[in-house]
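Next come two complexes, and both contain subunit A; in the first it sits with subunit B, in the second with subunit C.
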Partner chain A sequence: MDWGLILDLTLKAFLGLDAVYYIVAALGMNVQFGYAGLLNFGQAAFMAAGAYGLGMAVNYFEYSWWLGLVVGGVYAAVLALIVGVPTLRLRADYLAIVTIAMAEMIRLIVRSVTHKDKFGGTDGLKGFADGFQDLNPFAQGKVYGIGPFQASNTAVTVLLLVIYGLISLGIGYAIARKRKAAKLVPTTLIAGAITYGITLLITSRVKYLGSELWVLIVGWVLVGIFSVFVYMLMRSPWGRVIKGIREDEDAVRSLGKNVFGYKMSALIIGAVLGMFSGVLFALKNSNVQPDNYSRAVTFYIMTALVLGGLATVTGSIVGPMLFWALLAFTDVFLSELSDAQGRVEIFGIELLKDSSARGQFRLGMVGIGLILLMVFRPQGIFGNRKEMALDGR
Partner chain B sequence: MTFRIRHLAALVLALIATFGMFLASPASADAPANRAPRAATCDGPGIRAQVNDQANGEKKPIEGVKITVNDASGAEVVTGNTDATGRVLLCVPEKATYTVTLDESTLKDGQALDGEATVTIDGAKFTTNTRTINFFTGAAVRETDGYWTLLVKAIVNGFRLGIVIAICSVGLSLIFGTTGLTNFAHGELVTFGGIVAHLLSVSWGINFILAAVITVFLGGMFGVGLDAGLWSPLRKRGVGLVSQMVVSVGLGIFLINLYLMRFGGSTKRFQAYNQQTAMKWGPIEITARDLTTTIISLAVLIGVALLLQKSRLGKATRAVSDNVDLASSTGIDSAKIIRIVWFLGAALAALGGIVRGLDEGVRADMGGSLLFLMFAGITLGGLGSAYGALVGGFVIGMFVEVSTIGIPWFPDLPFLGWIKNGVPTELKNVPALAALILILMIRPQGILGRKERVG
Partner chain C sequence: MDAELSEYARAAKAALSGVSPEPGVSKPDPILMADSVRRRFGGLVAVDVEHVEVQRGSITALIGPNGAGKTTLFNLLTGFDEPDSGTWNFDGQPLDKVVAHKTAKMGMVRTFQLTKSLTKMSVIENMKLGATGQRGERWWNGLLPFTWRSEEKAIEARAEELLGRFKLTHMRDEYAGTLSGGQRKLLEMSRALMTNPKLVMLDEPMAGVNPALKQSLNQHIKGLRDEGMTVLFVEHDMDMVHDISDWVIVMAEGQIIAEGTPDQISSNPAVIDAYLGAHQGKSLMEDL
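What follows is the complex of A and B.
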């Protein structure tokens, strides 16, 4: 068993693109579900709206690729309106049913032969990411380490050290605030120093391809922007009303607030975040394929979100990172464990006949994990149990 | 933490019972019985030409036709004659652009080629190892059905689909009515029926009818096991309904991956009653198998409706579904009713899975894809109402099939081509899903539901 390989691949997934696009989508679902109590089971459709918006802008309307973001945004917002108008006045489970039905409808239409000229059928769309990759400062086929001391010249080393330092300091500050430390500055410095050490250790082991690294950097920058945006939004008067709606809709209505309008804007904000997630995923693969936006994706993002903790920004960032790290770990661990015939055994008990079934095995475990989380720790890692008093009214 | 050991044990037992059955059978149990034998193979890429005569409406292979393959420059690469199955396999050195030519002089008298004698294979699209090229002689005789024949066929199909959806969604609706749970794992209960019946009848070789009966019983027990092991403890802990809904999503993810692991991702057919010729009464065509399953399903549906309407048990069920507290205060044991509802609902779902599996084959995601139609059905009928599920499911099934036909007299309006020409078959579920959204806009409580439930 090669523990070094297991560690490397786990860490790579921890910081990787899958985690990034899940984070952006999870932030959107968090605005909807965690803060506003709106159960959107169709996030995959909003992601598809973003991805197809980009792909169609370039391939079908022949705009430049960044106009595709606008097209995707319009698609996502229109979808949210179509879904929201009939359901937001009804009970929570109606929204869940309608969003999941809508997502399935979108998937069926984009993969159909009938509309192949626009959406490309089951093959999807390709070639729209060229404009984006042209801006890539890295050599596409080359492998880059992201640790400061793996860099080729001193300037990059110093730059990376500073960037990681600032991020660590920020995390340290967040930890100090969270713990309500009496001495803010020393606690921030200590927590920041520990985080810095861990960051340097992790980054020294991880390598990405140049084409991937470019999307990854853009993705993490977007994660930073959106996290701050959601954090500020939820501390604003608007956010307090939204949380009030989650707790007691009638009370908020009796204060003269337009509950429907607030819910609708929460739904649209979540949808637009979902759209950015879809765009990142499309840029990562340089293609859009309809079956990548099935309902399972929504469910996995939901699991990652619940793992991190609903109604917290930290939760929607760390949840998906841990989710993908765990998936990668299970995958590599099981494949390392399998013998020459592909049989996987733990302590003499046969787990899998054929290690190629480990993909399904780990996703089955995701299902079990979601059940256990919802039952025993609905607030996830970072959430507050008081904020999770969800019920169907 | 009041999650009692007893409940956990029940859940574990239920899971082991199902899991154990899957473990006992190898995943690749189905024999490739009806695959056509492939005579020769190439080491590298190959081109298979098939020549068939289609003049009399059915395909007949033609032997001894000369096929020549030339490369892009026009040089001859390989040539060969078709065998008794009308096929010839021609090995080529690489996946490149070729032209395949049929020598028309080798055709027998009276056989005229339908289409071009020379076909060009684009090298960029030569992706599979063996490319198959079809040649046909004789004009194609396609039976073009008239509008009414098509409509009758669609109605027959819609009738059958409607009954399956109705059977599957009774449980979904009753469980919602009695416990408030919107069960996103209900589709997996349908799949359970299909897969277990396939396992018992094909892999274990049990008589199909016996296997179906056992499966329906096991399906019911699976439902009771889930309720005893998972849902009942959750209700006792006071876990919110939205959280329960998310738990059902987790259960669905687990079950579908378990099915995929043990059953594989392909479609598998039951071997019993497989190749039957259709009986005809005027425009109606139906095989004896489909007629039987339809009659049985219809009888079951009527039985369920009578059970709910007439028996004490059914009245109690409807009472609990209306208002749990009120029902309990009149002395109804609502916990017992919920157990019965779970048994009945899951058993009916399993039956639906068997009927659907006979029709379309068994797949690990067969129930998941029906779930949307079930939701559309019970929303139309009214969430929580058992009759609503019967009526709504039936209407939705009919709607899905009939919407593919269209109304030819409808004026040619922009964006409304689907009404005139019918919905493309691959998109036939889309109007039903759109109807779901539309119903919620106009009458959210559905046909038979009550207004106070919705919001």
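What follows is the complex of A and C.
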């Protein structure tokens, strides 16, 4: 068993693009569900809106690729309005039902033969990412390490050291603040230094293809921007109203707030974040396929969000990262365990007959892990236990 | 007794002293006026009020047996429910078809029979939520803290002052969900005051509150009037109604059956019938 390989692939997934587009979508769902209490089961549709907006901007409207963001944004906002206007006046359950139906409808419409000229049917759209990849400073087919000491020249090494240093310092500060440390500066420095060490160790082991790396960098920059965006929003009086609506919307209404308007804004903000997630996913694959936006995607993102902890920004970042790392780990671990035919045997007991069962078994194991998490840490990794405990009252 | 009364209390008593005690009587300076408000739930007419007025600057009690339509009337007046017919106005402005959050902005705030404290928010956050028209409550301003920081400080100062008055300062940073039932009532009332209301409508402020706290709640409600606010409240506790209200409106089966000062009401035979039944005092065996 090659533990080095297992570690490398797990870390690659931990920082990888799958995690990134999940994070962006999870941030959106966190605004909707974690903070505002709006149960959106159709995040996949908003992601599809972004992806198809991008694809159609290039292939159908024949704009340049970045206008696809505008097209996707309009699609997502219009979808949110269509879903929100009739349901946001009703109880939360209705939104859940309508969004799940909407997501399925969107998927079936874009894969239909009738609209093949616009959406490309089951084949989807391709070729729209060329404009984006033209901006790629990396060689498409080359493999790059992301560690500072893997870089080819000193300038890049210094740049990476500084960037990782600043990020580690930021994380150190966040930890110091979270722990309400008495001495803020030393705690920040110590926590930052430890984070820096871990970051350098992790990044030294991870490599990406040039085409991937470009999307990945754009993705992480977007994650940074959106995290600050959500964090600032939720600390503002706007966020206070949103949290109030989650607790009891009649009480908030009685205090003179236009509850419907606030819920609508939260829904649209979450939808637009979902759209960016879809754009990243489309850029990653350089194609859009309708069946990538099925119900399962929404539920996986929801799972990752709950894993990280609802109503925290850190949770929506770390949750998806761990979710993908866990999936990658179980996958590589099982494949390392198995023999040439894909048969897995532990202590003489046959666990898997062949490699085709590995995917399901892996999801099953992740599922058990999540159940254990819900039993022993129902608030998720970063959630607030005290807040959680108030639920039953 | 009269010597203890504040000038506002005396003014309210004086203004209402000339009003004749009959249902739907007009008052010298009404802040709230409703005409033929009717609400039907299927076959049941829950509220059918011909005419009612609430005197500005007074404490008016709305009493009546369970199912009399008091809470429904509250919901109708504050826009939480829509009547089948009727018009009403608040402070001279028509209120029919005005949605709930706008009535609150106009200066008419209500509390709920089942207390609605926002459990997963701290007490101070609950309070700050009450302030209306905050700049930072638009999301694009929310992203720019400098646009709302000074306003936030002023709101926080006002919230802390109110918490002090309602003796909740020590719970400032606790989750509202950890408060006791009585403290939640206090929190809800003080949060409502954050909207700077002209009319405070309290739906059963004393339900589930222990006698000691009742006394201080009484004082708080009188205090509201003494700051120039008008109070309309629903209550079952007759001692309390008698103690603090300037005027009492009695509802039964959706209609207003009596009005008057507390003294007039407690000797009104229609009220006694409504509360205790027309045959009270008679033996159940008498008809046999």
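Following the convention adopted for this analysis, the second predicted complex is superposed on the first by the 369 of 393 C-alpha atoms of A that agree within 3 Å, B and C clash if a C-alpha of one lies under 4 Å from a C-alpha of the other, contacts with A are read in each partner's own complex, and residues count from 1 in each chain.
As a convention for this text, a residue touches a chain if its C-beta (ideal position, glycine included) is under 8 Å from a C-beta of that chain, and two chains touch if they have at least 3 such contacts.
Remember, predicted model here, so these are calculated numbers, not experimental data.
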Touched partner set for A:A13, first subunit B, second subunit C, both or neither: neither
Which of subunit B and subunit C A:V241 touches, first, second, both or neither: second
Partner chain(s) touched by A:V71 [first = subunit B, second = subunit C, both, neither]: neither
More subunit A residues in contact - subunit B or subunit C: B
Contacts of A:I109 with subunit B and subunit C, given as first, second, both or neither: first
Which superposed partner A:M232 touches (first subunit B, second subunit C, both, neither): second
First, second, both or neither for A:P378, with subunit B first and subunit C second: first
Partner chain(s) touched by A:L213 [first = subunit B, second = subunit C, both, neither]: neither
Contact residues of subunit A, present in both the subunit B and the subunit C interface: 390
In the complex with subunit A, residue positions of subunit B that touch it: 1, 3, 26-27, 180, 182, 184, 230, 234, 237, 239-243, 245-247, 249-255, 257-258, 260-261, 372, 375-376, 379, 424, 426-427, 429-430, 433-434, 436-438, 440-441, 444, 453-455
Contacting residues of subunit C [partner subunit A, same complex]: 78, 80, 100-102, 104-105, 109-112, 116-121, 125-126, 128-130, 132-139, 141-143, 145, 148, 152, 175, 177-178, 188, 191-192, 194-195
Residues of subunit A defined as touching subunit B within the complex: 37, 39, 41, 82-83, 85-87, 89-94, 96-98, 100-102, 104-105, 108-109, 112-114, 296, 299-300, 302-303, 306, 352-353, 357, 360-361, 363-364, 366-371, 374-376, 378, 388-392
Contacting residues of subunit A [partner subunit C, same complex]: 229, 232-233, 236-241, 243-244, 246-248, 250-259, 265, 269, 386-387, 390, 393
